[in-house]
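Both complexes shown next keep chain A, but they swap its partner, so chain B is in the first and chain C is in the second.
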Partner chain A sequence: MGALWTKAVVMDCGKVLASGAIRSSMKPAGPVGELVAALSGKAGVISGSAKLSATGVGRKNMAGAAQLTDIMAFSKGARFIHPATRIVVDLGGQGVRLMELDQDGMMSNFTTNDKCSTGTGCFLDIMAAALGVDPAHMGIASQAAKEPAVINTSCTVFAESEVVTLVAKKRPKEEIIAGLNGMVAKRVVAMINSASTKGDIMLAGGVAMNVGVVAAVEKELKRKVIIPLEPNMVGAIGAAVSAGGAK
Partner chain B sequence: MISAGIDLGSTYVKAVVMVDGAVKGFAVSATGPDHDVTARAVLGEALQMAGLKEADIGYIVSTGYGRRVTSLANETISEIGANAEGTRFVAQKLNVRTILDIGGQDTKAIALDERLNIETFAMNDKCAAGTGRFIEALAAVLGVGIDDMGPLSLQSRSPLKITSTCTVFARSEVVTLMAEGKPREDIIAGIHESLAKRLATMARKVGVKKEVFFDGGPARNVGMRKALEQELGITLVVPERPQIVTATGAAVLAARKLEKTVNRP
Partner chain C sequence: MKDASGGAQRVQRYMNRELAEGAAAHRDRIREAAAAQAQKHIAAMKALARPKAMEYFDEMSDHFGTRAEELRKFKEAGGKVIGSLCYFAPAEIVAAFGAVPVRFCSGVYEAVHPANDLLGDAGLCPLVKSTLGLKMSGASPILELCDLVIVPTPCDAKLKLGEILQDMVDVHLMNMPAVKTTEAGRQSWIGEIKGLVAMLEKRFGQKLRPHMLKKSIQTYQRAQAAWRRFSALRKNGAIWGRDALLVAQLTFFDDIPRWTQNVQKLCDELEGRGPVAPDAARVMLGGSPIIWPNWKVPLLIEESGGIIIADELCSGSRTMYDPVVVEEWTLDGMLVALAERYMMPCTCPSFSPNLEREQNMLGKIRESGAEGMVFHVLRGCHLNSLDATKASRTLREQRIPMLKVESEYDEGDLEQVRTRVEAFIEMIKARRESSG
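Presenting the complex of A and B:
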């Protein structure tokens, strides 16, 4: 139950049977209950028979669900998807979090940026709105760019004005988007580079669905990173695993 | 002897026309897409107030973020220098040692020595939190006009704490507070306190020495003044027209240039 999106998965015997996401809201219990019921139906599971486990900033609103911290959920989710994962970065709506895992999947270090919106999902959403582009297309759009635009300011608010100016100057949108994706990537890479753990890196969270950001991260790091099939579901999968879904 | 100063800020353009050492005309307008066009319009307005024409002006100095964009000026000066000059002019007898200036996209704290020369300064232009943009963005969310923020906040009995630093996150926080039915005036007072805290931290870096002069557009906001005075525990010197101090400084410098030219044998 993230700041912007609430994600749910139904798991049994180590398989994700259904997954879905809705916008987070202030009174989430009703809509999230409906989402879980719908996914249960899709998975062919009798609604209410499954063990429920919740994570994320809104988890305390889910009465009756076992609760686990975001860190636990991401660690478990990442290791379930790719057991050799040693670093998992959650590129969330309102923050970026990096977890370093030891050989046994236990978290050994944790760094976060949740004070500044630059480089978060919210940053990309605001820029997509300023550009009049669907947020879901921000990744693909940047692949057509010849040369990424240079965005001089890092603050989301100031960068938004800069983007508006670039649009007014007729700079191609794909080049602006490539510049923005590059900014997000730079922040992520700086966090990864300051981690001491070596090994497989997984990018999770909604922003990891942005292929432009992922490509820019790999270019900066000069190595491949692991992107799950549904990067935004890693935390939810971790919660399902802790509720027994892996067995 | 007629001179003019134009301050091309990120958010507003200000112009001041001086005649023989006195401000005779001034104007302020929101910065449009073209800085030069806005500058010409604002100068025109200030000239109209003074009953003069552009051809009457002997020397023009521009300052501010967009100072190099306009073709009007004979010379440019940094906004720090112009602000200090303007402060000396409008608060001549007050022995100002610290200037706090909140702009649309930056904030400055300037320390002056006993002879009112710039000793050191600190500046934030990297993050919107702590600048005028913070108040502007949150006023928009609240649906309150920028000029109503101050008077409304004075009605607050218990200011709410805005916990987010980032302007973007503070925007969501204000939306949540509104949805919870929290009094608008308490939210606004909290916004002013949040900005005051950030400005005070920066001011302490250069050292807060009395008298402390507060200028820039947000200094017109009585709630902002009150919050900053409480945070610093001192009374601030606020000029009658805080928004045009820097433009006035530029006009003073332009007048000095003219004086030198006239006195040249």
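Presenting the complex of A and C:
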């Protein structure tokens, strides 16, 4: 139950049977219940017979569900999807978090962005709005760029005015977008580099669906990173894995 | 402008009438907010299992209650109340003159506002801003009783705080060496201790005699012994960390012999008791000072399934843990012993190389069986933020989890910090299960 989106998965015997997402709301219990019921129907699971587990900022609204923090859920989800994962970075709606896993897949450390929204889904949404681009196209659009624009500031408010200035100077949109994606990537790479764990890196969260950010991260790191099939579902999968009793 | 005691004209380099009036207008709100904050925390602490002997500390923790009234009467009868702004000013010396030493680093959130009016966004830590605001507004009855404030200068913020306070009250600065491993550093600090004595002798019109200082040192040695007994009981988890920190906090302004008695009483009650929360994650708390009533971080840890069983805070364990070891009961011998006690074992991040900090952390973690460490950094406290990096490296080598929590005094980031603390506690418990 993230800051912007609420995601749900139905799992059985180590398989994801159904997944879905809705916008997070102030009173989540009703809509989330409907989402879970719909997904259960899709997966052929009798509603109410399954174990329910909730994670994310909104989890405490789900009475009756087992609870775990999003940080723990991401580490469990990443381990489930790719057991050799040693670093997983969640690029979420309002937060960027890095979890380090040890050889046994146990979380050994985590860091979060508690000061700044750069690199989050919110940040990219605001920039997309300033550019008049669909947020979902921010990744594809940047791939046409000849040369990424330089965005100097990382503060959301100042970056927005920089973007507006670049637009006024007739800089092609794709180059501005490439600049923004590159800036997000730089922050992610800085977090990864400051972690002492080495090994397979997974990017998760909605922003990991942005191919521009992923390409820029891989270029900076000079290595491939793992992108799950549904990057935005990693936390939900972790919660489901935990409900199933796995470590 | 005349000062409160009607003394000589003060040169005001920072303050002016407008600021003083503005700050005074904050006074009642600061008092109300401080009292409300303290009451809320005390109520939360009382809701859990705790020894009956804690009632004494609850009562004395009230900045506007019993102790303030006692000190007011003491001063009316001709007694002297002397403030200090840091752990480093030896209370034994002040007490040897028959004066009452009080330490008034402030943990009151509302008090930062008058300081912001004066300084704007100077990037200072909330402790320094709050302390300045408390003096500017006159909101603390105990602070207003101080005729003099001793300000050691471990960091830039405290140095300048000492400078600004001179607009409002007599200040004696103590120059702290940043390197204490050299003979020059040690000698310079001994010089500061002797300078403090000379200043007080002049102020009180009284020579410091060996028997006066000896009696005072012995009073504090008894307090230190009581605190060490308490620390041993505490690491078994027999008492919540938030209660233990309150006990330590009262050394700031309580009557020390009475505090000692009450700590012993508390220990008698705790003796033989099992842990209050057997399954809780055992946490060591370190970093920037946690000053009552800014109980945000301790409460978050203990509301999230943890228990603080040890700390290395200058507002906690460090206040009373180390004994003063006197080789020779001559005046010089005692002053050197005090100088060494307040500087050598101190793990304040103002020192470099400060290897003892990591050793002390590891030692305390091993001795208490802590499963992880929360390193609290007040936003703007650069020295602790830097030491956190070093601490995380050291602890990682030993495979001890550490969480750095950077926070302000206000509760704006409460839920954000809560998520991180909860994840940290979850991680400790998950590791415990997988290794057990």
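One rule holds for everything that comes next: the second predicted complex is superposed on the first by the 244 of 247 C-alpha atoms of A that agree within 3 Å, B and C clash if a C-alpha of one lies under 4 Å from a C-alpha of the other, contacts with A are read in each partner's own complex, and residues count from 1 in each chain.
Quick note on the criterion: a residue touches a chain if its C-beta (ideal position, glycine included) is under 8 Å from a C-beta of that chain, and two chains touch if they have at least 3 such contacts.
Because the structure is predicted, anything quoted here is derived from the model rather than measured.
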Is this a clash or a fit when chain B and chain C both end up on chain A?
clash
With the two structures laid over each other on chain A, which partner does A:Val157 touch: chain B (first), chain C (second), both, or neither?
first
For A:Ile126, is the partner it touches chain B (first), chain C (second), both, or none of the two (neither)?
first
Looking at A:Ala208 after the superposition, I want to know if it touches chain B, chain C, both of them or none. Which is it: first, second, both, neither?
neither
In the superposed arrangement, which partner chain does A:Thr112 touch: chain B (first), chain C (second), both, or neither?
second
Given the touch rule stated above, what does A:Ile71 touch, chain B (first), chain C (second), both, or neither?
second
Answer with first, second, both or neither: which of chain B and chain C does A:Ala54 touch in the superposed model?
neither
Should A:Val234 be classified as contacting the first partner (chain B), the second (chain C), both, or neither?
neither
Colliding region between chain C and chain B, picked from 99-107, 225-233 or 243-251 after the shared-chain fit:
225-233
What is the shared patch of chain A, the residues that chain B and chain C both contact?
115
If we count contacts the way the header does, which residues on chain C are in touch with chain A in the complex?
396, 399, 401-402, 406, 413, 415-417, 419-420, 422-424, 426-427, 430-431, 433-434
So, in the complex, the side of chain A touching chain B is made of residues 3, 26, 94, 115-117, 122-123, 126, 153-158, 168
Complex contact set, residues of chain B against chain A
33, 105, 126-128, 133, 137, 165-169, 172, 176, 179
For the chain A and chain C complex, residues of the former touching the latter:
57, 68-72, 104, 106-110, 112, 114-115, 196, 247
